Each structure stands twice: as C-alpha cells, then as structure tokens.
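Next come two complexes built around chain A: one with chain B, the other with chain C.
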Partner chain A sequence: MNVNTETSGNSLVIALDGRVDSSNAAEFNTALENATADSDLGVVLDCENLQYISSAGLRVILTTAKSLQSSQRKFVICTLSNPIQDIFVISGFDQIINIQGSRAEALATMEA
Partner chain B sequence: MEEEQRPNKILVVDDEPDLQPLVLQRMRRGIRRGRYQFLFAGNGVEALELLRAVGDIDMVVSDINMPQMDGLTLLEQIPSVDPNIRAIIVSAYGDMANIRTAMNRGAFDFITKPIDFTDLQVTIDRTLEHLAEWRSVLKARDQLVSVQNELSIATQIQQSVLPTQLPQGAGFHLHASMEAARSVGGDFYDTIPLEDGRVGLAIADVSDKGVPAALFMMASYTLLRAAAGIPDAGRTMQEVNDVLTETNVAGMFVTMFYAVFDPVSGSLTYANGGHNPPVLLHEDGTTEQLPLTGGVALGVMSGLDYNVKSIDLAPGDTVFLYTDGIPEAINGDDEEFGMERLCTTLTAARDRNAHDLTDCVLTDLQAFVGDTPQFDDITCLTLRFTGTVP
Partner chain C sequence: MSATRSIHIDLGAPELPRLAAAVEEMAEIEGWMPDLAFQIQLALDEIGDNLVEHRAQAQSTYMKVTLDSQDQAVTVEVVDDGIAFDPTADAPAADVTSALEDRPIGGLGLHLIRTLMNKVDYRREDGRNILTLVKHRTP
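Then we have the complex of A and B:
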C-alpha cells in the first residue's frame, strides 16, 4: 500500500496503490490523516492503482469521508477498477460517496 | 524495566567459612543500598534445603568441590526447585573440564578462584539483568496467553448465540454453518421464527476483525432480533441501521442481508444492506444472484430507507446466503475461490437437501484452498424450498 499526495488546482489529489486489508488499514488511516491535515482543500482519492480493498479499508475511506464532510470539505473517489467499483456498489457506499470515472472528472466536480 | 523493590536474593554455596564475612564486606555497598541480600550454605544439600525453605532466591553462586553434595550435582538439582533460578559456578583457574560440565548442566556463567570481587559483582549484575529480562518475557507471555484465552472465550460466546436448532416446517429445509477464522471475527447468521409460520433469515458481516468487530456483531445481532418483529424487512433494517449508527463511535459497519420467508406461498421478501447478493439456485441447476436493493451497509448513516424486493420461490429452488469469506477464500497461488466456482458447486449439488448442499460447498472450498490459512470467517445459510404437497 502506498499513498502519494499532490495539489492540483484547489484540490488535494491522493493516489492510492497496492492492497488495503486488515493488516494495513491502520497504516492507511494514518496516511490519509497526514495527507489531509494542515489543509482545507477538497480531496480526490485516485484509486487507479488500487488492487484490492477489504471492508477494513472501506471503513477507513468512510471515516475519512465523514471527517472531511464535517469540516465542509469535498471528497471524491475516482478511477475504480471494475471489481473495486463492484465493492462500492454492493456495499451501497456508491450512494454516500461521490465516485467519478476519471481524475479529470473528479477534479471537474471539485470546481463546482 | 525491573520494578521489584525487594533486594535480589543471592545464595552463596561454599564449604570455606571465611568466604561469608568476605562477601558481606566486599559487597556491603550493594547490600546497604538494598540491591543484594546474601544467604549462605556450606554444601549442596544445605543449599537445596535453603532454596526450598526461602522460596524466592534469585540466583546461586556455588563452589564445585564440597562435602555431601558438590556444586555440579547441585546444578542438576536446582531446576527441580525452580527452573528460573540462575547459577554461577566458581571453579579453579583453568579447570576447563569442570567449567564445561557446569555450563552443560545449565550454569549461567562462571568465575575462577581466587575470587576477584569486582569480577564477581559484574557477573552477578549481569546475571540479575538477564533474570529481569527473562522475567519480563515470561510475564509478557503469560499476559499473551491470558488475552488469547479471553479471545477464544469471546469466539465461543459469539458462536454460542447463533441458533443451532433452526426452524423446521413443512415445505422447507434450513441449514447454517459458520467457521470462524482464528481471530475473533464479525460474521453471523440468524433464523428467526415469525408470526404465521414465516421465518426471518439473516446473514451479516462486520467490517474488520478483532474485539471491536465482535462487540459490534453482538450489538447488530441483538438489534436485529429485536427489530425482526416489524412485519416489513425494509423497516426492520431501517430500525437496526438507525440504532447502530447512533451508537457507533468506532466507525464500523455491518453488511446485512435480511429476508422474510413465507413457507406457505414460497415468497421471499428481502432487503440487502450492502451484503454480497445471495445465490438463487433453480431445480434445473441454473443460478442467479438476487438483485441488489440499493441498501447501504448498516451503521454508516442514519435515516436511510431500505427498499425491499420480493421473489416467489418455486418448489426445488434453493437460496444460498453467504459471507465474502467464501468467494474471497484464496488458495496457495493467491487465487480466489470466486463466484463462478461457487455457482458451479451449487449447480452440481442442486438435488441435495440444505445440509448436504452446504457440505458440498464447504468440501469444494476446502479442496480449493488446501493448506492456505483461513483469514476470514466462512459463514453460510441455506434455504431449500420443497413446497407443500397439495
């Protein structure tokens, strides 16, 4: 699991790659907290290179979404592979988290 | 790390009476500071008696040649009093044969005669330091064992709340199985007898594992039992979700499929809160997954509606409810068992009753997985609708 953060326009773009499961969910949580702290920008989580995410990882994404929401910051996930898209659809989280097809589309929603 | 207040008790064993005042004199600073307390014995027999009588002696410093019982024999006997006592042997300079024997019999270290008291003190301190570390390791191990015991009790409690006697009746057959992974997990199933002979069927999976997941599972399980009295599966889920979300501080969630089954008509009305869609197996062996109902996993957000869908089972139909521990079980090559294999197994077992069909799935899964350790709970609940004979 690896997290890379860059600023693009008025957004923080966090690129996530590798696998997130119970063994590294806590580490993933810390990485997201560190990446989003000291900023009031909206956040795009780019999952293009995410290979697998377990429910423990989904929990981290939900917690992040909630905490950003409570400080009025936007949160968008983008570029999900089909199996990962399925996980979001089955769990119903696609209804409470903004999911976009590509990073460009995600950034476009941040402008609005 | 050593928090002990009491002085370290050191038993000096030597048949030379002059040694006693010498030790007390040379070690007086450590004795005064409360670091050492010395005891003395004149031979191995006396030493063993003292070790037994005092009970908490930390280490022994022993000469080799003594009447009645020599130091090498004493070394062999010490573990029978307490295997955690450490011993230093005092030998003649260059007496490698005896030193070798002493070390082989478990002496921690040795010093040579004539005794250099600075060296003796360094050796004693080193031994005590080792003892302190050794004890903290033992303590940590004991704590770990006790935590593991508590966890295994937690797993037992979890398993024991799940129903083993499932509702039975004319026209249907139910069977359930749960194989918990080694760590306490958060899967559960339930079968709840409702009014008019209907049966509530549930399967659920809490995010993550461990003690928090187990507690969340118990809360979800209890809430579902309480809310199952509501005649509508969607409103049952809504109720469970609202209460769970209200009390959820850890940000956990549970995916849950809940259905109300009517054995008279064969209708199955269900709401799916983020759970893997159950497989519907027809009598002809074809399979399909029950369409999602757009429900979100429970515990995430309150005030959500849970829509229901309804299907009419035909006699011979089987509904297979499962958690992701089945399709996501991996073999030695990191391949997942997957939905395709699951459906193939179900098709092959289409003529079996609920019990045998469940066994077929678990057997095929086991054959696929081989020796690869199980990471997730493996839980399933099978409903076979036979229909009432008119």
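Then we have the complex of A and C:
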C-alpha cells in the first residue's frame, strides 16, 4: 500500500495505491493522518490504483471522513473500481461521502 | 472445470495473507471473473479477521478453509474450533443509513458477506463452527 499526496488548486489530492486490509489498516490510518495534518485544505482520495480494500480499510476511511467533517473540510473519493464501488454502496458510504467518477470531477466539486 | 483446495490457518500466527494468495491462484486456474476473486477474498478476509480478533473469547485455535470451484458456483467452507457462534443469527445488524457524524465505525464485515454472497449457511458439528458460502460464477 502506498499513499502519495500532492496539492492541486485548493485541494490535497491523496493517491492510494495497492491493497488495504487488516494487516496494514493501521499504517493506512497513520498515512492519512500525516497527509492531512498541518493543512486546512479539502481532501480528494483518488483510488484509481487501489486494488483491494476490506472492512478494516473502510473503517479508516470512515474515521477520516468524520474527522474532516468535524473540522469543516471537504472530502471527496474518486475513481473507484467496480467491485470497490459496490462495497462502498453496500456499506452505505455513498450516502455520507461524496464519490466522483474521476479526479477531474472530484476537483470540480472542490471548486464549488 | 473444477478445483478444490483446503488451507489450514493457525489463528495465533499472521497467516491470513495465505488465504488471499490461495484465492488468487484458484481464480487464475479456474478463470474466475476478477470481481468474483475480489468478493471471495473479501469474504474470507472478513471471516478471518473476526476469528483472529475474537480467538481468545472464542477459544479457537485454527480455521480451515476449503475452496471448491465448479462451473456454476464457488463454495467456500470455513471451519473453526471455537465456541458456538452463528454469524448468520448472533451478529448485530450493520448501520448503513445514519448520518456521517452518527455512523458507528466497524460492524460492516458480515453485512458485506451476506450481501455479496448468494448463500450463507451455518451449522455446528462435532464441536466446530461450519460456515458455508456460495457465490454464483455469473452475476
């Protein structure tokens, strides 16, 4: 699992790569905390290269969404593969997290 | 085509990644659609995580997973030696509807399994929990 962060306009874009399961969920959580600390920008989590995520990883995403909301920062997730999009929907995350099809669409919602 | 394979996992050791590897191998041999391999891996991960997390209370030491891939469906049997626990009846329902600030963290694993699999059956036999999952090859 890899997390790469860059700034694009008024957003932090975090590109997540690889697999997230119980063996590295704690590491994923720390990586997201580090990536989003020391900034008040909105966050785009780009999952284009995310191959796999289990509920251990979904917990980290929910924790991050709650923490960003409590500091009034936007949070958008984009470019989910079909099976991952399915588990986000089954988990009801699509009702509480803004999910976009591409990074461009995600960044467009950050401008609004 | 068909293939069967069993994997024995020591719950006290970090052995769960062996399950994902076994699923990938079978998916390749049997020509599973990528989404099917993903869903079987996810189901096994969720069951394995629960067994590892609760192994002290459940007094369980191992899980034995049997993957059986047939033309129409994949059947996954998970046996463990812990105290009786029926995840199809004894686990609380997941909250997938409340607002972000009220949404509880966790509890999604079994909900994912129940939704993704076509069939989930539990039985207790000879002091073991036996969970059987069936997933059709074509959606």
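Quick notes
Following the convention adopted for this analysis, the second predicted complex is superposed on the first by the 112 of 112 C-alpha atoms of A that agree within 3 Å, B and C clash if a C-alpha of one lies under 4 Å from a C-alpha of the other, contacts with A are read in each partner's own complex, and residues count from 1 in each chain.
The criterion applied here is as follows: contacts are C-beta pairs under 8 Å (C-beta built on N, C-alpha and C of every residue); 3 or more make two chains touch, one makes a residue touch a chain.
What you are looking at is a predicted structure, and each value in this text was computed from that prediction instead of being measured.
With chain A as the common reference for superposition, the partners chain B and chain C occupy clashing space.
When both complexes are overlaid on chain A, the residue A:Q69 reaches chain C alone and has no touch with chain B. In the superposition on chain A, no contact is made by A:A31 with either chain B or chain C. By the touch criterion stated above, A:M1 is placed in contact with neither chain B nor chain C. When both complexes are overlaid on chain A, the residue A:I61 reaches neither chain B nor chain C. Between chain B and chain C, it is C that contacts the larger number of residues in chain A. By the touch criterion defined above, A:V44 lies against neither chain B nor chain C after alignment on the C-alpha atoms of chain A.
In the superposed model, A:N82 makes contact with chain C only, not with chain B.
Contact with neither chain B nor chain C is seen for A:V13 once the two complexes are overlaid on the shared chain.
Annotation: chain B segment clashing with chain C after superposition, chosen from 79-87, 115-123, 295-303 or 349-357, is 295-303. Within chain A, the residues touched by chain B in the first complex and by chain C in the second are 22, 55-56, 58-59, 62-63, 66, 90-92, 95-96.
For chain B in complex with chain A, the residues that touch the partner chain are 205-209, 251-253, 255, 273-277, 292, 294-297, 300-301, 324. Against chain C, the residues of chain A that register as touching in their complex are 21-23, 52, 54-56, 58-59, 62-63, 65-66, 69-70, 82-83, 86-87, 90-92, 95-97.
Residues of chain A that touch chain B in their complex: 22, 25, 55-56, 58-59, 62-63, 66, 89-93, 95-96.
In the complex of the two chains, the chain C residues touching chain A come out as 14, 16-17, 20, 34-35, 38-39, 41-42, 45-46, 49, 52, 94-97, 99-101, 103, 105-106, 108-109, 111-112, 115-116.
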